[in-house]
Amino acid sequence: MATRQTASLARLMRAPAIILLLIWMIVPLGMTLYYSFLNYNLLNPAGTSWAGWFNYRYFYTDPAFFDAIRNTLVLVLGVLVITVVGGIAIALLIDKPIWGQGIVRILIISPFFVMPPVAALIWKNMIMHPSYGVFADLAQVLGMQPVDWFAQFPLTSIIVIVAWQWLPFATLILLTSLQSLDGEQMEAAEMDGASALSRFIHLTLPHMARAITVVILIQTIFLLGIYAEILVTTNGGPGNASTNLTYLIYRAARLNFDIGGAAAGGIIAVILANLVAIFLMRAVGKNLD
Amino acid sequence: MARAVSSRAKVGYTVAAWIVALLIFFPILYTIITSLKSEQEAIAGFDLIPSFTLESFRAVQTQNDYWKPFTNSVILSLGSTLLALIVAIPAAWAMAFSPTKRTKDILMWMLSTKMMPAVAVLVPIYLIFLRTGLMDTRIGLTVMLMLINLPIVVWMLYTYFREIPGEILEAARMDGATLRDEIVHVLTPMAVPGIASTLLLNVILAWNEAFWTIQLTTTNAAPLSAFIASFSSPQGLFWAKLSAASVLAIAPILILGWFSQKQLVRGLTFGAVK
Amino acid sequence: MGRITLENVTKRFGDVEVIPPLNLDINDGEFVVFVGPSGCGKSTLLRLIAGLEDTSGGRILIDGQDATSTPPAKRGLAMVFQSYALYPHMSVRKNIAFPMRMAGVPQDEQDRRIESAAKALNLTNYLDRKPGQLSGGQRQRVAIGRAIVREPSAFLFDEPLSNLDAALRVGMRLEISELHNRLETTMIYVTHDQVEAMTMADKIVVLQAGRIEQVGSPMELYRAPRNLFVAGFIGSPRMNLIDGPAAAEYDATTIGVRPEHIAVSGTEGKWKGRIGVSEHLGSDTFFYVEDTGLAETITVRAGGDIDLHHGDTVWLSPDIAQMHRFDANGDRIA
């Protein structure tokens, strides 16, 4: 349908969005790259000088860096496993004929709409607090010693909070996919004598593959940037026990005023995110077309 | 899959589903309950029945000037969404109805900007905001939130526009409609539901954004996400008051969210799952 | 008036030439059907006439005026789309009124035309419904109504019946033919269904790969297909095409005999074979005769009360006067 006039009009209409995003992508990233080669501290801006690879080498030799990478991976993988497995299970359950399905859906989706700082505060104070939290009350009832979650299991605690926030997302998407499953196909398989388990493995799971792929991809993008949950609960501690890469860079930039170092960390984060993206896209790309 | 299920099985599924749902919802529920308690009740141990006092809500409003961050949240989320729509509607329209060979690539590239970790550009954005006086201003943060959500907005609109059959626009053209008529009488009425869903989802995302709002504000422009994050320890703000503040911060979006479940799936999966 | 002339009209998508230079004359009031297999360029040709696609070369004349670069709205044509393309947010009345609203037709004139179109199309009771509440046949009628009220110089139909079920299709076919008889306006109709072409057209244009294979009245095409493609495409069931020694006997590379031009006998005839499938329709009987020593299964039409069945041995005799002969290029031998 593209006639000549509409084509040139279309170009004009696309331009603002493309130009804005192009600027948004190139300018700050270029600046980050530039700063990453500077000795630049906001506390001593006069002492700015060319640093070469120093910032990168500094990061590479800092044990906190490797802790942060490890924590980032554990956080992402932990949340992914919980949300995908839990999401499939819950989706299968609420896809069954039940009374009040609408309300059940609303209850389950709710945590996703809770902003990260509030989610973190709720878990920190209402649920996991060592003296006033529900877990502590529960432990008392059972005659056990209450656990100081954020001191003893900081990363696990954050995984629990983040998984709680993202479980609804995974459930909702997997449920949507499940509901588009062809009923006749299932009945045909039943006629062919397939058991419930083999129907799940051979029909349901392959049908959901695309949705699972999408859940993993999108959650990974967001999970690499987890920040507010850490800021509000553990501040990355104790030590570096719950510091992820995002938080480490934030600390360098905002608490240590080390612009050069934070910029180098930013570049490393970009490289990592791209590695993950390429790896994921390739591993699951065939499910996306 | 309409088929008869024995009512015993249905009871079983129902009970299981409700237990799971209530467990997942429990932290929110308990926060709502606590917000209706007095401070003494709130720390007096596990109790699901509050005294239904509103004193915490009153205290949050008077002592902590709750309305300022609330107003900021409304302005930022609506403002950034409207800005994004203004830029994205023409772009998505063009890509959906006048696609070129590169349209798919452009869309993928837009998606990839979303994969750029926010923290990677923290340093330059922070410095730009410091030096241009945008720090802690609503306008600066509005533009910021617009930029980070623009790819999602374009994608969502694109998938909605794509569902409007091209033949209808051609029919309008045959019927003598000018480009303006085509947009006013045919495209807009058909696109409004999609635009509304996009708006809804984007308001939710902007409302809940908690990286840039915390980095780029102090007091003036701080929306609820930044405001709440400043209470990382409950000193000064006690359990019931913290709960009341939390409830106030999430209630509007929770209600909006309940209405946008379907669109949420589409929007957040870039139309890959419908 | 609706005289449409195509002069060397060409269409390329990138480097692909979907329509090589093509010439065609459509007279005022004619019902012209473009027919051909999918991908033959018939829809593209229609869209070029409509102005929904730019031509890559050549001229389109409407009533003698060069309309090659006239925008679709200004060509005075109305189109009925395959998907009907109704505006889902408007009532039937608003849908039908839309082109008149765009043209600034006065309100009372609009109402008058809507009333008469609705009456003609049996839509009077549905005027306030939305398209989503209508059946396929009713939507089709609304689309036609929207076209009629414009009082165009020609109607363009793009496979309008392909989304309807078989029974409705026959009914709508009649309605469109009646409409043409009543309005006497030029109609250009695209279909892949040769039955629609045969039953409706004054003039059939058979297309293949963007090229016109033959233009003529339905009976001309039936009686004297210009080449093997047209021979195989027009007529149902398909013409039997036989080559090899059986064809050489008649000085042709290929001979074609329609099923209705073969006599079948249980006792004597030219080709001996065995009935594979037999279809008894009551009025007619179709036999698919195998093992004739000819290359393919021969389809034969016989009377409704013939008493032959699967497995019977039969003799077939072609009617030489009705036989079509083709040379090595597939062209008709006169």
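Note that the chains are named A, B and C in the order they appear, and that numbering of residues resets to 1 at the start of each chain.
In this text, a contact is a pair of C-beta atoms (placed from the backbone, for glycine too) under 8 Å apart; a residue touches a chain by one contact, two chains touch by 3 or more.
These are the chains along with the protein names UniProt gives them: A, B = Carbohydrate ABC transporter permease; C = ABC transporter ATP-binding protein.
Computed from a predicted model, the values in this text were never measured in an experiment.
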item: Chain-chain pair with the highest tally of contacting C-beta pairs; value: A-B
item: By mean Cα position, the chain sitting nearest the middle; value: B
item: From chain C, the most remote chain by mean C-alpha position; value: A
item: Chain centre separation in whole Å, for chain B relative to chain A (CA means); value: 16
item: Chain A-chain C separation of Cα centroids, rounded to whole Å; value: 57
item: Where chain B and chain C are represented by their mean Cα positions, the distance between them in whole Å; value: 53
item: Sequence positions of chain C contacting 2 or more other chains; value: 52
item: Residues of chain A whose C-beta touches two or more other chains; value: 1
item: Shared interface positions of chain B, touching two or more other chains; value: 170
item: Of chain C, residues touching chain B in the complex; value: 50, 52, 71-74, 77-79, 81-83, 85-90, 98-99, 102-103, 146, 150
item: For the chain B and chain C complex, residues of the former touching the latter; value: 165, 167-168, 170-178, 181, 185-186, 189-190
item: In the complex with chain B, residue positions of chain A that touch it; value: 1-2, 6-7, 9-11, 13-14, 16-18, 20-21, 24-25, 27-29, 31-32, 35, 90, 93-94, 96-101, 103-119, 121-123, 125-127, 132, 134, 137-138, 164, 167-169, 172-173, 176-177, 180, 183, 186-187, 210-211, 214, 218, 221, 224-225, 227-228, 231-233, 235, 245-246, 249-250, 253-254, 259, 262-263, 265-267, 269-270, 273-274, 277, 288
item: Complex contacts: residues of chain B adjacent to chain A; value: 1-2, 5, 9-10, 13-14, 16-18, 20-22, 24-25, 27-28, 30-31, 34, 42-43, 45-46, 87-88, 90-91, 93-95, 97-100, 106, 110, 112-128, 147, 150-151, 154, 166, 169-170, 179, 204, 207-208, 210-211, 214-215, 224-226, 228-229, 231-232, 234, 239, 242-243, 246, 249-250, 253-254, 256-258, 261, 264-265, 268-269, 272-274
